[in-house]
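In what follows, structures are represented as structure tokens.
One chain, chain A, links the two complexes that follow: it is found with chain B in the first and with chain C in the second.
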Partner chain A sequence: MSKFPHYFSIWDKASHYGLKWTAWAVLFFLMLPILVIIPLSFNVEPYFTFTDGMLRLDPDAYSLRWYKEIFSDDKWVLAIQNSFFIGIFAALLATVIGTVAAVGLSRPEMPFKRLITALLLSPMIVPLIIIAAGMFFFYTRFNLVGSYLGLIIAHATLGTPFVIITVTAALTGFDRSLYNAALSAGAAPLKAFWDIVVPLIRPGVISGGLFAFVTSFDEVVLVLFLAGPGQRTIPKQMFSGLREQINPTILAVATLLIVVSVAFLMTLEFLRRRAERIRSGQ
Partner chain B sequence: MAQKPIILSAEETVSARRELFRRKFMAFAFVSPLLLFLLFAFVAPISTMLYRSFYNPTVAVLIPQTIAAMKTWEGKSVPGTDVTAVFAAELKQLAKKRLSGQLAEALNRVRPGLSSIVKSTARKMRRAEDADLKEKGTELLMEANGVWAEKSTWRAVARAGKVYTVDNFLTALDLETNESGSIQRREATQIYVALYTKTLRIALIITVLSLLLGYPLAYYLANAPSKLANALMLMVLLPFWTSLLVRTTSWIALLQTNGVVNSTLIWSGLIDTPLELLYTQFSTVIAMTHILLPFMILPLYSVMKGIDPSYMRAALSMGSKPVPAFIRIYLPMSLPGLSAGALLVFIISVGYYITPALVGGTDGQMISNIIAFHMQQSNNWELAAALGTLLLILIVALYWTYDRLVGAGNIKLG
Partner chain C sequence: MSSKSDSSFLQFKNVKKSYDQKTLVVKDFNLDVKKGEFVTLLGPSGSGKTTVLMMLAGFESITSGDITIQGESIKRTAPYRRNIGMVFQSYALFPHLTVSENLGYPLSVRKLDKSDIKAKVGNYLKLIELEAFGDRYPGQLSGGQRQRVALARALIYEPRLVLMDEPLGALDKKLREQMQFEISHLHHRLGFTVIYVTHDQTEALTMSSRIAVFNNGVVQQCAPPDDLYERPSNAFVAGFIGENNFISGNVSAHKKKTVSVAVPGGRKIVAQNADVGSGEKNCIISIRPEKIFIQPTAHAYDNEITAKFVARYYVGDFIRYNFRLADRTEITVKVLNDLAAPEFSEDEDAKLVWLTKDCFAFRKERQ
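Then we have the complex of A and B:
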């Protein structure tokens, strides 16, 4: 028996298969760059392309040479340290003020809600080059250009919209009467907030913080404008490497970053499942 | 059962209002730390950039006395020696402090060609004695170069000396003011309008491409069994959360002359000589489509998940063919996701910088790249600010549309 109902014409069947194959082709397009870069990073030759040896799967054509190079190069080591340092502090700052703001924003009494939401989310939308130019002009006056503090503030700015989105999402469907019950049972507002609201939004807060960290970890335009030579980060090092002399060390770094993204995605998925469990009241 | 209307006494109304106000204030108090932070870290910097596009102090700071002396000059003839001699003296001071290059650059922006003249005149003034400059500064200036005897040169100096100006916007729109003071198309070079048009065109191509690629995939995922859909969704989210530079690097590896794409094409016998794929508009469009595609897929997928399949089944069971049923039933219902995704992709691609800078070559540069160029290489910060302001106006208009249609709070992160 045919898989399709009898009224399907040949065109309908073709479009069914067409859809399936198109979808898989698009998935291939999405994954291809990531899949290509991983084996290339093990290339023993200093090229960005597959050698004959690699295609024959000759073990001598593969090596860890470029990975060793990363950790023996002071510039890369400094860049890795800087990226983590700036990313962690930017994410912490963004998470704290972003979470508090999201709590206020999800209250039904919040005045000018729509306008303020649009303003708070606008760092996601305004082109980075405009933010970078403006920050360069403005931060110079406070000696923030070429300093860690300047970059942390700049990256926290970019991270706050993600925290707002994730925490607001965690708060929708939050039953206010739980909080009110705690208040009427005599809890101080802060204690009620800490004991009732915080556990419910924790997964949202953590994933917002992760988003903020990844945003900072991956950001390069603001770094190009605001960082001094001492604050070079991984993306900046990659950017100048790609512009000046292309070196397969970049491919090795890229592969390590893909591993970071996979870990990040798995954590998010874990948090999402946990949030669902909390929602359903298990 | 109808609810009994609640009638409050005057006292209760007052206290209810007070309570509402207290709650509004509390909600606002929670948001205020972030508002204050963004005011300093984000709004003030952007306002500074807007201000810089009008504010043009360079010349007025470099030759303050000349500009002050020119206040009374009406521009009908070459200014008198009260201006020219002061200018000669200030030029000498600048040459001594090695600042004449800055002045030359600033004047050159108002009148192309003045740069080398200002520099050479400054060198000659430097050699002159102070006393001589006071006595016959005007003559020395006219001897140094004939352009100082032309009133149009002094008009340019006066123009450049204005602290607040719309000149940068005129330049950014390929306009200029002519002798009589009216605005006309710039005769010399037409760059920026063409660049804005090109940026919008590239953004539009990227949007259409992501729609063509994203719609079928989102449809397939939304109608696949949920286990499969969740697994495949990871293949959308992994590239989405992979570093932008990693993805751009991959496209360089794929598209370069001896890269994976060319090698595959040659190996398969489709072409004999490698194609020039990298450092073109083509590579910009491909790499950016790849980077922005998830922004299209995520809102489409979430809208399509909510479309009840029974509508399509009803249309089919009543005799409609699948394709017309899709166009008349499904497509209109998926429009919210489609407009959200398309606007988001368009907004982000208009202001994109990194990918065009790395894979675009000269052909694939967009407006952000020129802003960066004026910030970092030509040091024409005022023009960069004016170009940025125009870009910002465009983005705000698009963002406003997005907020009306979709609501800014509904951005999907996966």
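Then we have the complex of A and C:
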């Protein structure tokens, strides 16, 4: 009745369990710091540790206090608004630029393809601190330091490579004869692109846009360099919050961010499945 | 030949194409197509057939030469203004649109009324016998059904010209034969002009009004199917269309219509002259396996040759013989099964005979 093949020796079985428990241990090690935040954010007391009441699962030891705190503190409300505002516009800008770039780069007649791709993807590789310093000096000339526009452009630069990568991936599976078929049916190039190409690469475009949004959403280095007090975002607020007023509000914010991230992951997975369905044409 | 533009609907004039500015993929393509004709480009894979269609459809540029439709050059017309229908080998149906939306797309691009589009789509769905499938997506159709939708989408806006690039290549044999019949049927019924591309000679022979045999970027011969089979104009065509025997020999007498040729076995053979120039010493003779008879026979004959028996195969509706000439040239003979099909022992001598009108002499070293 053993689940192992008959030829397994005792050592084979031991190594099977050894591998299995090591894998679990690694996963646990990775997830614990994140998971532990969630219950702690419901702590009634202003501590970062589990109280006796929490360990006894006493309902009175838990509360939504820190969540209320977030929404009653002007600084946090502004930070949340800023994060969404900058994130959404940076993602939109990155999506448009990245999609157009990917479409152009996928055409066989495009010259200097590798060079241009490398340049466009470089924000993923160049250390953030260098980009931040460069942008700081560059933006001063245009009075963009401490402005929303400056941050949106800066974050769009970081998000564009993600869009290029996801849209390029969507385009590799794209059959060019579909576009030609639309042309021969009488559609002008822009109309053919809008009617036929865009719907088929839409999952790639949207997932690239989501990546760009998330990139902007948890970016802190550029914000530290380029944002004025008016543009503080959630990560920056957490950063200064850690030093100024140490209480579980930060944990509550972190929990909210985890929820947002999970929602994004699920959306991406949903899009991936839908893309597969469109490919197979169901 | 006739370069009067009113007699031909579509004209290729010395069209050349090079992708890399070094080698010519299409060397010197000339073709006249009349309105309503079904012309097939037949040639081996890589001979440039798709390239010719792509230039005609406007997806590839023309390196030199010109293509005219109704006397007007199409060089400066954008692909979407050419009003040419195209059936792609991969079908290229829009996967995110239903069958009806696929058929309606060329019409909605032309800004027809919604009700007109609906009526026309209904007609064409009926024509391809897919009335019940209008709301399905292409992914939910079988290969043959997709093929028919692709065909209808290329026809629905009544383009002046329909191009098909190996449209049946992805189907199995039975479905392919059925679709050949359906395309021919639609062509007769609706009377559109077709340029059809295939590497399958049976397909070309059964469907076309004319076939342009294409090799190395040049049209070798353009003629109706029976002409092509029975009067090939050069050795490539003779070898490419159907099965053929080739015997090389020396020209001994050169007349206007015929040449006398000395072949291994010592005999003189009189063959129709296809393209042997008056000064040439060597040539190749072609003779089809079913046009050769084995002595004794009641058939009339002009030429006789002696060959050694190699093998005899029972194929069913016919018997296939292999013989060998003195210079080891293999000769295949097909004999209908209802005739007396003689038996030979190995290396036995046999006399093979045929008519002058069935054999052709070609220039050697064509390619």
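Everything that follows uses one rule, which is that the second predicted complex is superposed on the first by the 267 of 282 C-alpha atoms of A that agree within 3 Å, B and C clash if a C-alpha of one lies under 4 Å from a C-alpha of the other, contacts with A are read in each partner's own complex, and residues count from 1 in each chain.
The definition used in the following text is that a residue touches a chain if its C-beta (ideal position, glycine included) is under 8 Å from a C-beta of that chain, and two chains touch if they have at least 3 such contacts.
Since this is a predicted model, take the numbers as computed values, not measurements.
Peer 1: Using the superposition on chain A, tell me whether chain B and chain C clash or fit.
Peer 2: clash
Peer 1: For A:R273, using the defined touch cut-off, is the partner it touches chain B, chain C, both, or neither? Pick first, second, both or neither.
Peer 2: neither
Peer 1: Which of the two partners, first being chain B and second being chain C, lies in contact with A:K68: first, second, both, or neither?
Peer 2: It touches nothing on chain B or chain C.
Peer 1: Which partner, once the models are overlaid, touches more of chain A's residues, chain C or chain B?
Peer 2: B
Peer 1: Touch check for A:I196: first (chain B), second (chain C), both, or neither?
Peer 2: Second partner only, chain C.
Peer 1: Between chain B and chain C, whom does A:A185 touch in the aligned arrangement: first, second, both, or neither?
Peer 2: A:A185 sits against chain C, while chain B stays out of touch.
Peer 1: With both complexes overlaid on chain A, does A:I131 touch chain B (first), chain C (second), both or neither?
Peer 2: first
Peer 1: Quick one: classify A:R56 as touching chain B (first), chain C (second), both or neither.
Peer 2: Touch status of A:R56: no partner.
Peer 1: Overlap of the chain B and chain C footprints on chain A, residue-wise?
Peer 2: Common to the two interfaces on chain A: nothing.
Peer 1: Contact residues on chain B for chain A in the complex?
Peer 2: Those in contact with chain A are residues 20, 23-24, 26-35, 37-38, 41-42, 44-49, 52, 213-214, 216-217, 219-221, 232, 234-239, 241-254, 256, 258-260, 263, 290, 293-294, 316, 319, 321-323, 347-348, 350-354, 357-358, 368, 371-372, 375, 381, 384-385, 388, 391-392, 395, 399, 402-403, 407-409, 411, 413-414.
Peer 1: What does chain A use to touch chain C in their complex?
Peer 2: Going by the criterion above, the answer is residues 175, 177-178, 180-189, 191-192, 195-196, 199-200, 278-282.
Peer 1: In the complex of these two chains, what residues of chain C are touching chain A?
Peer 2: Interface residues on the chain C side: 57-59, 78-86, 88, 90, 92-96, 105-106, 109-110, 137-140, 153-154, 157.
Peer 1: Given the complex with chain B, which residues does chain A contribute to the contact?
Peer 2: 5, 7-9, 11-12, 15-16, 19-20, 22-23, 26-27, 29-34, 36-37, 40, 47-50, 97-98, 100-101, 103-105, 107, 109-111, 114, 116-139, 153-154, 156-157, 160-162, 165-166, 168, 211, 214, 217-218, 220-221, 225, 235, 238-239, 242-243, 246, 250-251, 254, 257-258, 261-262, 264-265, 268-269
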